[in-house]
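Read the structure below first, then the notes.
For reference, chains read A, B, C and D in written order, and residue numbers begin at 1 within each chain.
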Amino acid sequence: MTGTPTVATAPAKPRPRLRLARFRDLALVPAIVVLLVVGAIIDPVFLSKANLVNVLQQQTELSLLVLAEAIILIAGKFDLSLESTIGLAPALALGLVIPSASHGLGTEWPTALAIPLCLLTGAVIGAFNGLLILRFRLSAFIVTLGMLIVLRGLQIGLTGGQNLFDIPPSVLYLGNATWLGLPASIWICAILFAAGILALSFLRAGRAVYAIGGNVDAARAAGIRTDRVVWIVLIIGGLLAALAGLLMTGRLGSVAAAQGQGMIFTVFAAAVIGGVSLDGGKGTLFGALCGVLVLGLINNILTLGGVSAQWIQAIYGAIILAALILARLTSGKAQD
Amino acid sequence: MTGTPTVATAPAKPRPRLRLARFRDLALVPAIVVLLVVGAIIDPVFLSKANLVNVLQQQTELSLLVLAEAIILIAGKFDLSLESTIGLAPALALGLVIPSASHGLGTEWPTALAIPLCLLTGAVIGAFNGLLILRFRLSAFIVTLGMLIVLRGLQIGLTGGQNLFDIPPSVLYLGNATWLGLPASIWICAILFAAGILALSFLRAGRAVYAIGGNVDAARAAGIRTDRVVWIVLIIGGLLAALAGLLMTGRLGSVAAAQGQGMIFTVFAAAVIGGVSLDGGKGTLFGALCGVLVLGLINNILTLGGVSAQWIQAIYGAIILAALILARLTSGKAQD
Amino acid sequence: DSSTGSAAGGNSKPPIGVDLPRADSDFWNSYAKYVPQFAGELGINMMPPTNSQNDVAKLVANTQALVSQGAKAIVMAPQDTGAIASTLTTLESKKIPVVTVDTRPDKGKVFMVVRADNRAYGQKACEFLGDKLGGKGKVIEFQGSLSSINGRDRSEAFADCMKSKFPGITVFAEPTEWEGAKAAAALQTRLAQHPDIKGIYMQAGGVFLAPTLQVLKSKGLLVPPTDPKHIFAVSNDGIPQEYESIRKGEIDATVSQPADLYAKYALFYAKAALDGKTFQPGPTDHDSTIVDVGNGNLEDQLAAPLVTKDNVDDKTLWGNQI
Amino acid sequence: MTAVTAENITKRYGATTALDHAGIALTTGETHALVGRNGAGKSTLVSILTGLQRADTGVVTFDGEPAPPLADRDGWRQRVACVYQKSTIIPTLTVGENLFLNRQQSRRGLIDWRGLRRRAGELLDRYGVAIDPATVAGDLTVEQGQLVEIARALSFGARFIILDEPTARLDAAAIERLFERMRDLRASGVTFLFISHHLQEVYEVCQRVTVFRDARHVLTAPVDELPHDDLVRAMTGDAPVVASAARGHANDGPVVLDVRGLTLADRYEDVSLEVRAGEMVGLIGSGSSGKNALAQTIAGLLRADGGTVTIAGTTPRPGSVPGALDAGLGYLPQDRHREGLVPLLSVGENATMTITKRLGPIGIALPARRREAATTMIDEYDIRTSGPDQPVSGLSGGNAQKVVLARALASDPKALVLVSPTAGVDVRSKQSLLAAVAKAAAAGTGVLIVSDELDDVRDCDRVLVMFHGRIVQAAPKGWDDASLIGAVEGVRAESSHEEGLKE
């Protein structure tokens, strides 16, 4: 009862709406709880720290792609080529630094350049996508579909289809190190998601992303440099995919010629289950993160439960489809 | 600015617009001619009847998927699951008729049922997609993405991942027969495309598809039963994919567990190169057919030209991307 | 005969077409390197090879293109064995002999199948692990894709052998679709669930080796065979990286799939077919056996040696030659 | 004698009650007006009367018989034709096909395209619409599209026609032609339901008027018995505000908006104008006169081919919206839905979109400060909303327009450009919007109001007239309507061109 009536402001506007919006963010939390319970019933090992850390670590690369895709989707665009960037960026960077004998390109640049080169490659891919989408006014779906094929082809061309094995320790580090008892990659994802959530909520540029996705003409008329923001978002997307590629390379100890292949479907499923709309302007990064966790837990439970190899894909697909339908029913709005 | 200020009336628009629209349909014809010339220069074999028939025959299944996808896109929807239907529909139908020894399901229904069962499966898949999209108001992209995974999983589950190769001759017939000196599958595609072009141009139901894709509310106000039309379009899509599956089964002599995998990217590329818009309401089936031919010719020329295996995918992707950009530049309108 | 044939390179010898199955695996890339080398040695007029990128539809298209360009014999390695039945029928009707490498067609006539016995791979891996584990304990197996015949053969043989010879061993068979990331995730999960896993069978070293080593390293399990914590690992392929790991004691064995012999004998039989030679079941002059596999098809089952620390430095292994 | 009745209609959208036991009854052969403030439920009633939506309760009858079932679209279309508020033209199809959508003439099952084009041509001729039926509808101007819709609605031969705000985007001549047609049809016994926010139109063509307020029926009366002020009172529930903010005559302030020799090919040519601090200038013109393109150029949305725009002494980089805003421009775009609002974002966020720099340091926009700024605006402009966190998509048209205006004024602009500020806004909101603008002018902002409605520019010190891309007349305060309308329509354009311009 500290009600000290000071300056009379607007008739006390209540805040429940905001709360509701926040609740919608939490829509997947019950699903995660249910999965935790189901997992614990199926196998007590499930709730062990080691297993849960494994689940998180296995989802780190996916979660970075989902982070990238979610921001791009919120800005009202599309990027399918992320799944090729995650392979090409580390492959190209390594090719430039490792010796020819290990399937390098023969340049043998200093090893210290590998990580910067990888990130640079991601950024350049994002910028090139942006160029085609924004300058030529091409559909983002189509541009990035074409890039998906080209980049995968480039990787095969550059490496001759070889897996790259001879990875310098500096490149392996991020995917392997342990910081404060947890894998470094988990920390990195957590920090990047936290930064993303804060940026999209509290930065002018972050709110501009929502405005552009919601109505690009209105955003332009309100003085937002829409093309520049979208371009930056696409570049960040490429950067995050390259970083995911680094983590994956470190975790798996090599760059597979098919690294990332087929991942983009899962990326979209996670983002959409997490409440990000394909129409732009809607959804949160926290929701997208929940989507990633849900998929990771389902995968882990199916493995622990020892589902037959023959049916695992059908069951996994059916669970995803059911989750999508539930996400639709709980959000209560038509999706198209 | 005619400078004769009389009473302002709407400026009479002349008729060249219509002609232009018709020309736009033919936009890819020059590209096809160029490809024919390039092919003839690279290898004289290229222009032989045998080679050209091969090119056409190899594109038949793709062209049926593109036919299906183009109609669905014109209606303003999306179907990614076609690439799984092309495998599951024949696999399920054959599983029901062939003996367990040949990896059948053990039902051993009469062989004559195989083709009807295959087409029925396709139609049921289309209808189920329609149910989720229209009744639950889910995004078509998301529903069919989920279905893509589920259907592929079902096929692996039902067949245990085996290729089915003990195919009854009735099922092999369509993919193998020769009618009037040309493979039957080419005739079938030609007839279906002709029927589709006529239906979309001269039938009320066909025009309704354009109207729905252009502005669904307006179409509904005009008395078009939009949901029913979209549903039928999705069912036809499933049917065509199942038929494509039959042709592929006949041509290749078996049902591969991965039949169709990865095709959907090519389907979209062909449709979009052919001028079909992802936003609905725009594009023609003739254009889509040209898109298929362009891709088929490029593939054939790259093979005949002996492009190195290492780089073929990158080159193919780059050509597709270039074609998409050219399609954008010649149509002169922004795509998104 | 077809007058459209434009024989490659103006060579008077009948041209032989080769289709490579994929460009994204170390094993097949080595194969691709050996093919032109042996073509030179055998004096064969080889056309520029096509590549079907692991897609049977492309394989069919490539075959048709090779035929229109005048190929008189064809070497192919269909990764998807059911789907070439019609193609084989067509080629047979055109009297073009076919040699398939690595896989045996489910249906259709070929001149010769050049292949190592994939069932034997699974068998050898099983026996090695069974011995090392003394017939009891837990083993994890990274299966290839269920839709690949080689993956299936290895899985079935491994499972049959374990069941009949080492019933005391529990096998966790993990579906991976040949994806390293899936294998790593499955290994992590299983190790958390069953810390007493003592054996690993990887069906393809090219994709599974590095992820497996990474996971073992992060769990502190990458220790020499003398250490009781050591997990016995058998791989499959015979690429140089596997030999490196065997030398370091990180893994214990691999089955060398003979990329060089695949290339050599595929071309050898293609040439023989054009020369009108025929073959009978029985032992050959190169340490292998030709067997009749039904349908009137013959299969030359090349030796696929198990490589362990003892013979890892053998210079004749293809993995030691590149 | 009753042609159409709707009784006791209730319709809810989630928490919103769009119609609450409302009803209407039309006599055969009358033209009946339906008026009410934004969000009163007019368009909802239209969708129920045309069978597009099912009412939660209530019945609709035509000529005493119950309405056909919802699935029987043809049954509905024989009874009622409608020009909806939202365009129902399909942009990707030709005009001819739009006219005969889903009832294309066919011969032996196939559509007879030549016949269809011919009939479409005849139909357009009959209603005096000079458009080639082969034109793709997406290439039509807004007004041409609306004419096509009207022609199509009339072509069904239904005896009951609904027009939902048909005049909102037509120019005066086109409106006059439309009314002429309506009178002719009424003479032949057709019944009209006419919806408009222009009350003088109600008096011009209607016999009776029904007023809705807050989803309920308020009254139905013959227009002769209901003076203008009483009608406004019925709509708003209280007395109309007449007085506008007192404003001194300001002709001596510094020039805050200076447009010199601006040219953009095919849109406008060699346009020059000045607006001084505290001055209100009107710029009117009919559809396609180029006024809109001019406003967009000033705002930086378009880049001119030649000429300069100077705002409060600085010349921002051409084609840069942020540049124009930084120089001190406030801009209210023409179409609030298309260019004004981001529907999913909150009222607060939409209202502060141009002033995010003030909401926190180093690129941060603090939610608390945003809410505070938005709450101030909500109070100042009397925006009806549940609070700054409500999504702007939940506001009615007039309130949504106030949000856009509040945003344009939020940055305390030196110069303010408003385009069609009152389009589709009800009479009461119109007054408060214009009052807010006048207040800003009184505080020293130079205002340029770009519109095709004379009512919008009544308070202006000067009015410029644009025709075919040029400014053809400048009228000081005290102009007479007739001569301005004449200039807008291009009559006397030649003679007034030179003498009219002030600068």
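As a convention for this text, a residue touches a chain if its C-beta (ideal position, glycine included) is under 8 Å from a C-beta of that chain, and two chains touch if they have at least 3 such contacts.
Which protein is which chain? UniProt says A, B = Autoinducer 2 import system permease protein LsrC; D = Sugar ABC transporter ATP-binding protein.
All values derive from a computational prediction rather than experimental measurement.
K.L.:
Give me the step distance from subunit B to subunit D, shortest route via touching chains only.
P.N.:
1
K.L.:
Higher C-beta contact count, A-C or B-C?
P.N.:
Between the two chain pairs, B-C has more contacting C-beta pairs.
K.L.:
Between subunit B and subunit C, what distance separates the C-alpha centroids? Give it in angstrom.
P.N.:
35
K.L.:
When the centre of a chain is set as the mean of its C-alpha atoms, what distance in Å lies between subunit A and subunit D?
P.N.:
Chain centroid spacing, subunit A to subunit D, equals 43 Å.
K.L.:
So what's the Cα centroid distance for subunit C and subunit D, whole Å?
P.N.:
So the centre of subunit C lies 72 Å away from the centre of subunit D.
K.L.:
Return the residues of subunit B touching two or more other chains; collapse runs of consecutive numbers into ranges.
P.N.:
Subunit B, residues with two or more chain partners: 156, 160-161, 309-310, 312-313.
K.L.:
Residues of subunit C touching 2+ other chains?
P.N.:
Residue numbers touching two or more other chains: 23, 146.
K.L.:
Chain pairs that touch, all of them, please.
P.N.:
In this structure, the chains touch in these pairs: A-B, A-C, A-D, B-C, B-D.
K.L.:
Looking at the complex, which residues from subunit C come into contact with subunit B?
P.N.:
Listed in rising order, the residues of subunit C that touch subunit B are 2, 4-6, 20, 23, 32, 47-51, 53, 55-57, 60-62, 64-65, 68-70, 80-89, 106-108, 145-147, 149, 152.
K.L.:
Applying the document's contact rule, which stretches of subunit A touch subunit D when the two form their complex?
P.N.:
9-10, 13-15, 17-18, 21, 201-205, 207, 210-211, 214-215, 217-225, 281-282
K.L.:
Which stretch or stretches of subunit D touch subunit A in the complex?
P.N.:
Within the complex, subunit D contacts subunit A at residues 299, 301, 321-322, 324-325, 331, 333, 338-345, 349, 353-354, 356-357, 359-360, 363-367, 375, 378-379, 386-390, 407.
K.L.:
Mind pulling up the subunit D residues that touch subunit B in the complex?
P.N.:
Per the stated touch rule, the residues are 50, 52, 71, 73-74, 76-77, 82, 84, 86-94, 97, 101-104, 106, 109-111, 113, 129-132, 134-136, 139, 141, 143-144, 147, 171, 173, 266, 269, 286-288, 467-469, 472, 489-491, 493-494.
K.L.:
Any idea which subunit A residues touch subunit B in the complex?
P.N.:
Result: residues 132-133, 136-143, 145-154, 156-157, 160-161, 265, 268-269, 272, 278, 310-318, 320-321, 324-325, 328-329, 334-336 of subunit A touch subunit B.
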